[in-house]
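Next come two complexes built around chain A: one with chain B, the other with chain C.
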Partner chain A sequence: MSATTLTAPTTLTGSFTPAAFAAHLASLPPSLPTWWLDRKRAAYARFAALPLPSRTDEMWRFSNIGTLTLEGFTLPGAATTVPHAPIGIPKAAKLVFANGRLFSRQVLSPELAARGVIVDTLQNALVKHEALVREHLLAQPPKLGSPKFGALHEAFLADGAFISVPRDVQLDLPIGIFSYALGATAAVFPHTLVIAGENARVSVVEYFGSDSDDSAQFAAGANDLYAGHGSQISYIGKQDWSHRALSFQSNSTVVRRDARVQSLNLHLGARQARHESLSQLAAPGAFSEMLALTVAEAGQEFDQRTLQIHQAPNTKSDLLYKNALRGTAKTIFSGLIVVDPDAQKTDAYQSNRNLMLSDDAEACSLPGLEIQANDVRCTHGATSSRIDPEQEFYLQSRGIAKEQADELLTFGFFEEVLNRLANDDLHEALRTLIQTKFKK
Partner chain B sequence: MKPPTDTDTLTAPADATTVENPAVGIDQTAGNFSYKVDYAFDAGTGLSEDTVRYISSVKKEAPWILEFRLAALKKFFSMPLPTHWATKDLEAIDFQKIRYYLSQGQKPKRTWDEVPDDIKKTFERLGIPEQERKFLAGVEAQFDSEAAYSNIKDIVAKQGVIFVNSTEGLREHPEIFKKFFGKVIPTGDNKFSALNSAVFSGGSFIYVPKGVKVAQPLQAYFRINAENFGQFERTLIICDEGAEVTYMEGCTAPKFSTSTLHSAVVELVALKGAKIQYITVQNWANNVFNLVTKRGIAHEDAEIKWIDCNIGSRLTMKYPGVVLKGERARGEVISIALANDGQHQDTGAKMIHAANHTTSNIVAKSISVGQGRSTYRGVVHIPKHLKGCKNNTECDALLINTNSRTDTYPAITVRGDKNSTQHEASVSKVSEDMIFYMQQRGLTEGQAMSLAVNGFINDLARQFPMEYSVELKRLIDLEMEGSVG
Partner chain C sequence: MSQLVIQNLHVSIGEKPIVKGLTLTINSGEVHAIMGPNGTGKSTLSKAIAGHPDYTITSGDVLIDGVSILAQEADERARAGIFLAFQYPSEIPGVSIANFLRAAQQARLAEGEEIDASAYYKRLYSKMDLLKIDRKFTSRAVNDGFSGGEKKRCEILQMAMLEPKFALMDETDSGLDIDALRIVADGVNTMRGPNLGVLLITHYQRLLDYIVPDHVHVMYDGRLVKSGDKSLALELEAKGYDWIKKELQAATA
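The block that comes next holds the complex of A and B.
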C-alpha cells in the first residue's frame, strides 16, 4: 500500500479504513497466492483514491448520489445460523455463505465430480485451480461507472463461489449459491465465478438475503460468467437484501463462439440497489439474453445499468428489463448497445418496460445505442405507463374485482420475462417469490 | 431558393491572411484592442469584457442590455465545456481566435475564383440563380431582396405584426420583448447560450398580436439587408393569444463560411391557443461548429412545432425543446440529420411537461454516410402529480457505409401512474432486396440508393414547404453520390 492511501481522508474510505483492510488481510488463510494478495492491495489503493460518484457524473445520471455512503458499516464475524433458504428446487450442489464465509454446503454427486465438475469456494480454488481463477476472476474492465465500488469489492472479497464445468459436460440440475448478510450493519462482498468449458452446460441460481428487513447493511458483490465455445450458461440472481441495505452488484459476462448465456436478475430488496451488467459478445455466433424483473416499492431505488458490446460479427443480444413501481419507488434503467466497427450482422435488442402502479413512483429510462457497423439490426424501446385501462375494464366486465384485475395484469406483466426460463420448477419458484413480495 | 438569414459572411476568418481586412493588424492574442477609428466597426478577435462593451456601445443599447451581456460573459467563462457527455471535438474551438462582432463595411472580400469547386458544383446542381450564388459564397455580402422584403413587411405590418432584428426589437419595443427576452432560455442554460447572450447580434424579433394568423411564412432572408449577421444571432418570437405564425430560417444551399463558430439562441413563446411552427434548414460548410440552443414555451392549448433539418457543419449540437407549461399544450419536433464524412450531427429534442394533459411527439431520422456520425439525444420529462401527459418518440437511423456511425441516447423520466411514454428506435441499412429490385428495373446502384434514402425521410420531408423539400431531395441525391460501391 502506498503512503498516500494511508493518509487518504476518511470520507473516501468510510468504514473501510486502512486498518479495517489490514485486519481483513490478516484474517485470510496464509495459503492464498501472493498475486491475489497483491491485487487486493492494489484494489484497496484504487478504492481509497477514487472519489465517490458526483452529481455531474454521466454514468450516475438520475441516481440519488446523496444517499450513497460508506459510513456506519462493520465487517461482521462468523455466523452461527442462517435464515431458511427459500428456493425449494432440487440442486446438483449448493454453497451457503454467511458474512463472506462458507457456512454449509451440499457436495456434488461423486459421478459429476469424477467428470471434472468443480463447485468449490474461491479460497480453495485460488490454491487448487490457480491458473483458471487468475485468468477469469474480475478480469473484465469496470465500464459502467463503479470503479470505486468494484475496487472495494476486490479489496474485501474474502470468499465466494467457484464453478467450473469442463468440456462436453452438461448438468441437468442447477447449482445453488446462497449469500447472507447477518447483523445490523454487516458489510458483505459476495462473488461467484462460473466457467463453462466447450459445449458444457450449467445453470446457476444465486440468492442474496439478510437476517432482518431492518438491517442497514452494505453489499458490494460481483460475478464473472465465462461461456466457452458452444457452451450454455443460465444464471438466475435473486437479490433480496434487507430493505435498509445499500447494494452494489457488478456482473460481467463473456460469451465466446456459438455460446449462449441467459441471465435473469430479480430485484426485490435493498433501499438503494445499483446493478451493473456487462455482456461482451466476443466471437461469432455468441448470444446473450439479459433479463431483469424489479418489484420496487416504498422508497426503494433500483439503478440498473447495462452494456451489450458486440465485438464480433454475427452475434446476438436480447435484453428485457421490466420494472413494477409502487409507493415512492424509483427505478433507473440505463442501457447501451455498442456495435464495434466490423461487427456486421449484429442483431441486438433492448427493451425497458415500466409499470407505474403509484402516483409517486418515478421511472427513468436511458436506452442507448452506439453503432459503428451498417449491416446490423438494432432496435430498442422504452415505455412507461400504468395498467392498460382497457384490459382492466375487460377483466372487470367479466366480474373480476378491480384490485384482483390489477394484480392479475401485473403478474401477467412479469410473466413475459419468467416465460423465457426453460426450467419449469424454477419458473414456479420465482413466480411464488415475486407474488409473495407483491402481496405483502 | 432562399438565401440564409444567418449567414456570417461578414465575419473575417481566424486566419486573416486569406481576406483583405483592415482589422488584421490588431493584437490578436491579448484581445485588449483599442478604439482606433480605422477599426470602428470591428471588435477584433478574442473575447473579453471590452469586446462585449464595444458591441453594446456600437449598437447603442440600453444599460440593462449591457449588464445582461456582461453577466452572461462571466457565466460563459465560469462554465466548463460539456465534454463529460458531449464530444471532445468541442475542445478544438479556440475562443480567442474568433471574431465576435463585425459590422457593415468590414466584410471579408473574396472573388468568385476563390470559391471552392465543390461549392460551385452544388450551386449548379441545386439550380441557384447567379445572383444568389455570389451572395451565398460570400463574394457579395449583400443580396438585394429589398423589394420582396418590404412587400411582405407591409402586409404583415398592417396586421400589427412586429418583425425586426434583435437590436431594433430591444431598442424600439422593450415593453414587448424585454418581458420574455432570456426567459425561455436562461443565460446559464449552457455554456453556448451564455456565449450568445454575451455577444449576440442579428436574428429576428417577432411579435404577432392576438388572433392574427400570418398567412405566409416569415422568412429571415427578407430582412437580410437590415443587419446581416448570423454568427451569434438571437431570435425571439412571441405569438399572442390565438395567433399563428410560421418562421423559416436557413437555406438548403451550402453556406461557404470562413468563420468556424456559430452559436444562436432562439426563444419562442406561444401564449394561450397560439401556434408557432419554426422551420430550420442548416447547411453550414464542413468546418463550422454549429452549437445552437432552441426552446419554446407553450401555454394553455398552444402548439409549438420545430422542424429541423441538419445537413452541413462539422459538428452540430442542437436539441430544440418545448416546455409544455399550460394544460393541453402540444409540442412536436421533427428532425432530419444527414452526416457525411467528417461530420457529426448531434441533434435531438427536449420535451418538458409541466401541466396536465400535455402531449409531445418526437420523430427523428438520421442518415450516416461514409464516416459520418449522427447522434440522437433526447430528454422527456414528466414530473410528479401530472395526469394525462403523453409522449411518443421515434428515432430511426440509416447507415449507408460499413464505417458509418450512429448513436442514440434518450433520457425519459416519468413520475406517477397517470401518464404514459413510449420510445422506440431502430438502426438499419438500406435493404439489399430493395436496391436489387430497383437495379433490375434499370436504375444504377447510386440512383437506387438515393431513392431509398429519399424514401426513408419522405414522410418527414413532406412536412417541409414544397420548395424546401424539392431542394432537400436534390441535396440528398448529391450527398449520396459516390457513397456506394
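The block that comes next holds the complex of A and C.
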C-alpha cells in the first residue's frame, strides 16, 4: 500500500479512492476522446475536495445527513446474468446495462436507423457522435445541492445510453433503458442522454433495479434531456433499487422553443434516495411537465429537490409530486420556481401532495417562488392528508376490507398522475410496479 | 329466504342517544318504508346497521337469520348481505367503477381465489343493460364529479352487482329530480323479489309513488311510533307529521 493512500482524506472519498479512480480510468477503452478523460479527472478532483453535505446546508434541510456514506462500496465487475426485465411493453430499441457495462441490446429497426435515429452506448457515441455528446453531456451545472455526488458520477461514469432523434422523426414506440446493480456492495453510475432534434418526438422508459433487496448498494446517476425546437420528449424513470441502497439521481432538462417535455419519476427503492430535478424553459413556448410518484415504506427516506427556471417569455411548467407514506417513512420535497426578469407571461405550477398512511411517517414540504417578472401566473402548494374515513367506510360498506380499501384509495391518489401519461401500456406497467411494492 | 331483525336498538353519536329502542323485522321479499321528520334518527339507524365507526350501538341487537352482526366490521356486514345505499355517496377519485366493483367482488371470494375477469365483465354489462346504463359509465372514477342523479345510478348499479340480502336505502330520493327518481325506483323495482328485503328511508311520500312499500313505519324521536300499510304514507302526506306528534303527546299526557 502506498503512502498516498494512507494519508488521503478517506472520509471525503470513502470507497472511491484515487486508486479506485485510476483503476476505473484504466478500464475504459483507449478510443475515448481526451477532453472526456480530462473532464473526468477534473470531476474526480472536485469530488475528492468537496465535503459531504452538512447539517447547516440549506439545500439539505430536513435530510438525514448522518446516513450519507461513501464507505463500504465496491466497483463491481462484469455480470453474467441480469434479473428479469419487469416492463414488458413493446419498444423501438433497448439497452440493458449491468454494473455500468452494456449487457444486451435490442437494436432499432433498419428503417429508423436509416432515418438517423441513434440508440447507442455513450462509449460508442463519444467516438462516433463526439460533437453532440460534448455539447450536451452533463452540460448543466448541478444547482440543487449535490456538486459532490454530481462530480462522483462524472468521474466514475463508465457507460450509459445515448439517444438522438433527428429533425422531424417521430418514434411511436418507447426506447427502454435498463440499469442493474449486481452484487452486495456494488456502486453504479448510470447515465442517459436524450437529444430530440427539431420537431422530433421520442419516449424513453428507464428502469433502475438490483439483484436483491438486501444489497447495500450505491448509485449516483444522472440524465440529460435536451428538447430542440418544437420537439417532444416523454421520459419515465422507475427507481427500484435494493431497499438497502443509497441513491443519488440528478435530472437536467432543457426545453427549447415550443418544445414540450413530460417526465415522470417513480420512486420505489433505496433506503435513502435523493432526487434532484432541474427544468430550464429556455425559449418562448417551452413547456415542462414534471411528475413524480413515491411509495415510501418503513425506514425509507425520499428526498426530492426541484427547480423550474423560466428563462424566456410565454413558457410553462407544471409540477405534480405525489408521495404515499407508510410505516416510519420520510419524504422531503423542496421545490423552487424561478422566473427571470424578461420571462413575462410565465405560467408555472408546483404541487406536492402527501398521503399519510401511518402516524409515524413524516412528510416535509418546502415550496418556493423567486419571481423577477411582473406579468406571470405562478401557483404552488403542498398538502398532507390521511385516508378520508368517509371514503374508507364507503369502500368497506361494499365488502372491501379496510386494508384493501386503503390500497385502492392510495392507487386512486396516484391515478391523477398516471392519467397524464398518453401511453396506456405504460400506465398499466407503472400501476403494476406500484401494486407489487404494496403487496410485498 | 332471510330475515333481518333489529331488536330494541339504541344508537349514540358520541354521548348523544339518537336511536332509542327500535325494533323491526324485515323478511326477504318485503319492502319497508321508514318515514319521519328530519333529525329523528332515520339516517343514524341505517349507518349504524351498516357499521359506520362514528355510530355506537349502546344496546340491542341486529341479526341476520338469527346471527348477530354487531361484532363485525362494516366490510364483514356487507359480505353478510347488508347494502347501504348512501344519501351522499363519497367521491373516490382515481378508482374506476369497474375496478371498484371488481375489488368488491374479489372480496367475496375465498382466499387465494381469483376473480374470473371475463365472467365478471359479462355480468357487469348485463346488469348495466338491465338498468339501462351506458357502458362508458364504468370507466369513470366512482362518483367523481357526478351529478346527483349519476351518483344514485352508481349506487343502484353497485346494489345490482352485489346482490345483497337486505338493502338499506338512506334518503335515496333527496335532491333528485323526477327523472332521476324514476331511475332509482325502476332499479329497485327491477331487483325487488323473493331474495331481497328493502328498507326505504325517506322524508317524502313522493318516492313511495314509485316504489310501493308493503309496510310503512313512522319514526319519531328515535323510535318507530306507528306502523301500517301504504295508506299510512298517504295519510302522512295529507296531514303532515304534526298529527303524529299530537297523537304521541296525547298518549303520554
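We adopt the following convention: the second predicted complex is superposed on the first by the 428 of 440 C-alpha atoms of A that agree within 3 Å, B and C clash if a C-alpha of one lies under 4 Å from a C-alpha of the other, contacts with A are read in each partner's own complex, and residues count from 1 in each chain.
One rule holds for everything that comes next: a residue touches a chain if its C-beta (ideal position, glycine included) is under 8 Å from a C-beta of that chain, and two chains touch if they have at least 3 such contacts.
Please read all numbers here as calculations on a predicted model, not as lab measurements.
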Chain B versus chain C as contact partner of A:A405, first or second or both or neither: second
Partner with the higher number of touched chain A residues, chain C or chain B: B
Which of chain B and chain C A:E415 touches, first, second, both or neither: second
Which of chain B and chain C A:Y394 touches, first, second, both or neither: second
First (chain B), second (chain C), both or neither touched by A:S384: first
Chain B versus chain C as contact partner of A:P110, first or second or both or neither: neither
Touched partner set for A:P51, first chain B, second chain C, both or neither: neither
Contacts on chain A seen with chain B and repeated with chain C across the two complexes: none
Of all residues in chain A, those that touch chain B in their complex: 56-58, 61-62, 341-342, 344, 354, 356-386
Contact set on chain B toward chain A in their complex: 84-85, 384-385, 397, 399-429
Of chain A, residues touching chain C in the complex: 388-391, 393-402, 404-405, 408-409, 411-416, 419
Parts of chain C lying in touch with chain A, wherever the complex brings them together: 50-53, 73-75, 78-79, 83-84, 86, 89-95, 99-101, 103-104, 107-108, 141, 158, 162
